[in-house]
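Each chain carries a letter (A, B, C and D) given by its place in the written order, and its residues are counted from 1.
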Amino acid sequence: MDGTSVNSSDGNLLEVNDVTAGYSKRRVITGVSMNVKPGEIVGVLGHNGAGKTTLLKCIFRMLSIESGDIVFDGASITKSSSVKTVASGMSFTPSERPIFRDLTVEQNLELGAHSVRDRQAIKDRMGEVMELFPILGERRTQLAGRFSGGQQRQLSVGMALMVQPKLMMLDEPSLGISPTVVTKTFATIRELAAEKGMSVLIVEQNVKAMTTIADRVYVLRHGEMVLEESGDAARERSEWWHLF
Amino acid sequence: MAYYGQIAINILILLSLSVSLNLLLGYAGRVSMAQSILFGVGAFTAARLVLPQLTDKYNANVSGVGYGMGWPWWAALLGAIVVTFIAALVISLPAVRQVKGEYLILLTLAFQLGGQQVMTVWEAVTGGPFGVAGIPAIKIGSMSFSTVKADSTVRFAILMLIVTVIVIAVCWGIGESPFGRLLKTLREQESVLPSVGKSPIRPELLTFGITAGIAGGIGALFAFSQGAMTPVNFGLDLSILIVSVVVLGGVGNIFGTIVGAIILGGLDPILSNTVGADAIPWRAVIYGGALVVMMMVRPQGLIPEGAFRRFKKGKTTEEMTPAEAMESLSRVSATHEVGSAPALEVEGLKKSFGGLVAVGGASFTIAEGKITALIGPNGAGKTTIFNMITGTFKPDEGTVKLFGQDITGLSVVDIANKGIARSFQDVRICEQMTVLDNVAVAVPKQAGEGLTNLVFRPLKTRKVERATRERALECLALFGISDKANDLVGELSYGDQKLVAIARLLATDADVLLLDEPTSGVDPANVEGVMQGVRRLRDLGRTVCLVEHSVHFVQQLADRAVFLDQGIVLAEGTVDELINQQELADLYFGS
Amino acid sequence: MNFELLAQLTITGIVLGSFYALMGMSFGIVYQTSKIFHLANAIPFAAAGFAAVWSAETFHLPMFGAFIVGLVAAVIVGLLILVLGYFPLINRNATLLSLFLVSLGVTVAFPNLLQIVFGTQNKTLQVYGADGTLNRAFETQVYNVGFLTITQLDIVKIIVCWLVVLCVVLFVNKTRFGRSITALRTNPTMAAAVGINSKVVYIVVFAIGSLIAGMGGLFVTTEFVAYPTMALQWTLIGFIAVFFGGIGSLPGTALGGLLLGLLSSWSSVWLGVQFAPVVVFGALFIILLVRPQGLFGKAAA
Amino acid sequence: MNRMRMGRTAVAVGVVAGLSGLLAACGSSSGSGTSSSAAAASTSAAASGSTSASAAAGTCINEIFGAGGPEAGQGVTIPAGMLLAVTGQGSFFGKVMSQGALLAADQIKEAGGMDYQITVADHKSGDVPTAITETKKLIQNGIEVLQTSYGAPSEAIIPIIQAGGVLTFNGGGSSPAQLSQDYLWMNRMVYAEDPAPGALAWLHKTYPDAKKLALIGTMENGVGTFKETAPNIWKKLTGGEVVAAEQHDVGTTDFKALAQKILAANPDVVQTFSFGDDLGYQVKALREAGYKGPIMMDEFTSQAAKIAGSAYEGVNFGVDFYTPANPNPWNQCYVKAYKAKYGEDPEYYGSNYYEQVFIVWDLVKRVIKAGGDPTDAAQLQAALIADPTFNSVYGGDATTVGKVTLDTVDHSISKPMGVFVVKNGQPELIQEIVKIKAGEDPNSALK
């Protein structure tokens, strides 16, 4: 696959520069800067309400930015929209209700590929996803709402894969699923990233799961970046309490 | 002269109907498309009550000259108000069943249209499409008030003016009273009312009733003045016009409504006098268009709510320092017997949602006069436990005791009144209300929240209200924001908004205060201020229990902590004790 | 009460109920997607009728041609309301109440504009032949089956209405685009995440809703006449069908409409025909009281 | 007039400039479309009328009403008002009524008579408070004569016109409550009540075996006739009974359920007291439902006939009927001028209001002749009571103008009435009938 062909000059697929954003009165993130390199798995850690989801929504252009600048794949997307960011190779999976409960697995996956025009490509990718997550293939005509949390999570990752993103963004993929499934899901993400040369940006509270696969982690606390370090350093770190 | 008198009467009637609807639409935030039909219910009721007792059936059926109960006009007026009041309670019945927003629009629309059809069909009461005629005019002494003759038209216009002034005064009085404060809270954040121990149902129903009662009373006067009317008079177009007047003028501002009624009510005579009958269709085009344009460029209306708020500034008492406030507030006695039992005892609480266990048997106690934090990873069931303690959810199993008294299964309102108040993760402050009003609404036992007191005990009401405002100011002063008492909360920084929410908790007099993520979303510069505020609650002797995700802050804030995972208490102790346990860290950060 | 009357009224009720179902579809698809209380759905309804009458008289179009003009007009007007009226407010995150008030304003103004432009007279649809000659006002054939009678127009109405219901339900449930509608309705955040452009969906949904409203307007114009205030009662019937049948369920809406039609027809056995509207509104009131989610609707989670 | 137009333009341009411009463009073309098709649909006489109509009207009016000049009221201005349904469901009535009166005013002025200045006010199709407000405005503006319409508004303004001293005519919604009221005169026969005996007697004569009568009515006009007069007369005539009585809202279009209920009662004859377009839909629905028996109506309008189409063939109606085909010379002169001015045939309601203005002209002339003040409504009414007979476009024959007489006691009118049958879409007289007094033998209503 050609996911590796990234043309950013300074080697960053995504650059977030000094972004401040929030909801009307409520400024949720202040002066946040970060970046993601091609093929890299980056984790953003932080307590509930630290502004992690807001950061993702800013990057995905679902939320307007008060100040700052976001560059994706060499072009500024500060003034772009979510419809365009999907087309330019980004995917976003929300933490809650990341699937369409009233639709079947197949229909969910097809919607995941909403921005893809090529019917054949959609078919091929659906095959790939079902190979990756066999349970989805087995239950392809069932309503997604009947699935367990872990299966729904798998489906949501599958939906993200349908656009073959350059950057896959996942909001708390460990939420509501059992620890074993967490481990499995994260392992799959690691494999996928390596295989497709895809960059992954994950927002997590689950430090352990994140640090096992992350190349690099950031910690967000009360809307401010308080730490950036390599995945290895993070794995070594014994004390997290003061960062949360 | 009679013509101008009549124009004035028409505008005054529209004005009164709109001002009363503003109570419902502007203050309580409930749309009603049925104002016109309620006006009609009042008119026909009054007509049937005031008409003489006759037995001429032919006339009754054919030309609407009918029979009635032969009551004096004032009794018929009262009768009309009562009947309309009851009719409105019937419409608002589904509203109590959580039928809100577009349901309410549809429901009131249906009532309007269905009601008009009933009027058309129910000949025995309304005279059918021909309506009722021969309704006797109001007579006071030898003077008659009707719109038939020139001099009596002018007299009636003056009477109507007086009535309108009374209606405005009543609506203004209700709107700006403690009762009105309840209504505005109902409009902005309905869930706040039960959380401070006040039922939202009673003020909502009452407002439907009052709005309708006024419409019914005006309907009665209308019937007396015209002497004749038909169901056509009470159509949907009038309801739409009334809503338009309120919206164009400015919801929540009675003066806006006055301006709106004069403009829209004046449109008709102005057009028909300058352009002629051909221009009449333009009227609806103009006001329909105006409604659209207004929503685009000035959705708050010509004179928005709070437009005159600035003039009221400077009326607040002198600034109080936090220390003074602390002293003053500590004189407020606690509502429980001190010392005997722990503030809160939670025993074996269980709750599952559709098979998913949210809380699996949590037991812990919260010591009096301390700050206790509930911590744990996402999905630990912290907020669910809050919801069970405060009565929002009924626990599947287990008990909650407040100072030894079992409060399991009580309603939200009752629990709040027993002395547990809570804040919400998403603040839930009322942006269109002043800081002071946001806090004052929580003060318990306000005389002015009862309408009988407003009417019959104005002095006591005023005295209590003064005390209420003082109390609210003290609560604000405790957090150093009393200087902002007259600002709209929407204009404050988020950190200050959080403080307002905490001040509101304090104002309830509750002994146990549950804070749901008091610092979340507050920017770093203001966090210290919020934490300071929480500490002051403890210093006042209140028991505080909070949910907070930032361990960083919990460490600085809480005396004790309870660690939960998947709805089960794993450990209790000081924060430092807890975070030194490796297994808790593993749970929190994953293993 | 006799059996023949009841049977005949059942047929009348089915015809009426089919039309209610049609109106329910028109409002239902718009409402369940956008949550806008789109009272202005009355406008494409009336616009279709007037455009058809006007084009038939001006260009001597045959009936079919006039219908096309009517439907095109309905869609254009419906989209104008969306783009000029609703989009600016949606962009501003305005409340549903302010969207409703815009709708209300337009709904008040439009019939009066029609009256100013076309005059107050009821407009009869003139039927022109393919060669441009005037045939006559539209007349329908009557069929007798045993003691029952039904007109050709009624048969056409039943078929068209249920075809539309079927098409809309299939479109929403079976097509790729239909799934975007469901996606947007059930999970707006996720819909945005997969790159569904909500504005495009709104435009399609409003086009469909307006088209169906236009069909309703054409039925009324063909069977009766076009007049400026012709639409409001039928629009409201559509609303009632949606809330009566069940929000979020298009088949439920259609069944709700049918049931309302039967109710209002049957009620005339015991009550005078002038009570039919009271029966419909009463049924709605009771449903909202005892089952707010509607007859076939799912309770909100 | 000029000011009015300017005002209208200002409103149109100023208020909703964009929209109105767009729609006005459609409007003007549609307007021409309407008139051309109406002209095409009507008889061939229309084409010749348009150029010379006004001149012809002038002369023929003088032939019937005598020469113009100061004695005929030239130079006298009579301020007058009309209270009509300009907007709302009944705006059709408002339109034709004002057209009739405005034509009469033009013709009279042209013939050298009074200057009858009309201000039209709107009661929004029956809204009582609006009617009261507008009437007060008219009175304040000094009107001397008022032409009102509709039952409920006309009843409601009675005390006001009496207090203001305004000579008032109603040619539309006549009702029993308007009888015997000072200053109020009805030049339409009392709706339903007056023709009902003759119509029912004719039904009995023509269908002697018919016993079962079905009645249809609105809840607005002729309710008393529907509930009492008609059933009583029918019982008296035939010993039969009323097997169905259904009421409906004014403005109903869908009569399916009503027709089926009527049919289920299996009546021998149906009489309906509905009016306006409703009749067209009603008859259509009755026929479509399979009712084949006789239908007796109270009114014929070409619009309703157009709606019903072939279903109207053979239905009857008994009424003080106006027809443009009446050869009466005044009527022919009127029809020609009306067509020239409005591009369509005059109908029943417009004609009543047309006649009212001529009644006023007669009164003005009489008062002038007697040396009185023609701008005093009381004197006009006195002149009316002195001689309540006037020319009419009803009745008469090819050489004589018809005559009508107002009742000076109850202020109602007697006009030639008849039972008609619809043939080829046009009404045809088959039986003349007359008004009878309550309690008289219904059969005596047949002439």
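Annotations for the structure displayed:
Keep this in mind: a contact is a pair of C-beta atoms (placed from the backbone, for glycine too) under 8 Å apart; a residue touches a chain by one contact, two chains touch by 3 or more.
Bear in mind the structure is a predicted one, so any value in this text is a computation, not a measurement.
Shared contacts of chain C and chain D, meaning chains that touch the two of them, come down to B. In this view the innermost chain, defined by its CA centroid being closest to the centroid of all protein CA atoms, is C.
Most remote from chain D, judged by the distance between CA-atom centroids, is A.
More C-beta pairs touch across one of A-C and B-C than the other; that pair is B-C. If you average the CA atoms of chain A and of chain B, the two centres end up 42 Å from each other. Centres computed as Cα averages put chain B at a distance of 36 Å from chain C. Centre-to-centre separation of chain B and chain D, using mean CA positions: 54 Å. Residue positions 117, 120-121, 281-282, 285-286, 289 of chain B each touch two or more of the other chains. Residue positions 112-113, 115-116, 272, 274 of chain C are each in touch with at least two other chains.
Residues of chain A found to touch two or more other chains are absent.
Under the contact rule stated at the top, the pairs of chains that touch are A-B, A-C, B-C, B-D, C-D.
Of all the residues in chain B, the ones that touch chain A in their complex are 377-379, 490, 492-494, 497, 517, 519-524, 527, 549-552, 555, 579, 585-586, 588-591. Note for the complex: chain B touches chain C at residues 31, 93-94, 97-99, 101-103, 105-107, 109-111, 113-114, 117-118, 120-121, 236-237, 240, 243-244, 247, 281-292, 295-296, 299. Those residues of chain C that touch chain B in the complex are listed here as 35, 37, 85, 88-89, 94, 96-98, 100-102, 104-113, 115-116, 232, 236, 239-240, 243, 272, 274-275, 277-278, 280-282, 284-285, 288-289, 292.
On the side of chain C, the complex with chain D involves touching residues 2, 4-5, 8-9, 12, 15-16, 54, 57-58, 112-113, 115-122, 124, 126, 134, 136-137, 139-140, 142, 144, 149, 151, 220, 223-225, 229, 265, 268-269, 272-274, 276. On chain A, the positions that touch chain C within their shared complex are 60, 62, 82-83, 86-87, 91-94, 97-103, 107, 110-112, 114-115, 159, 163.
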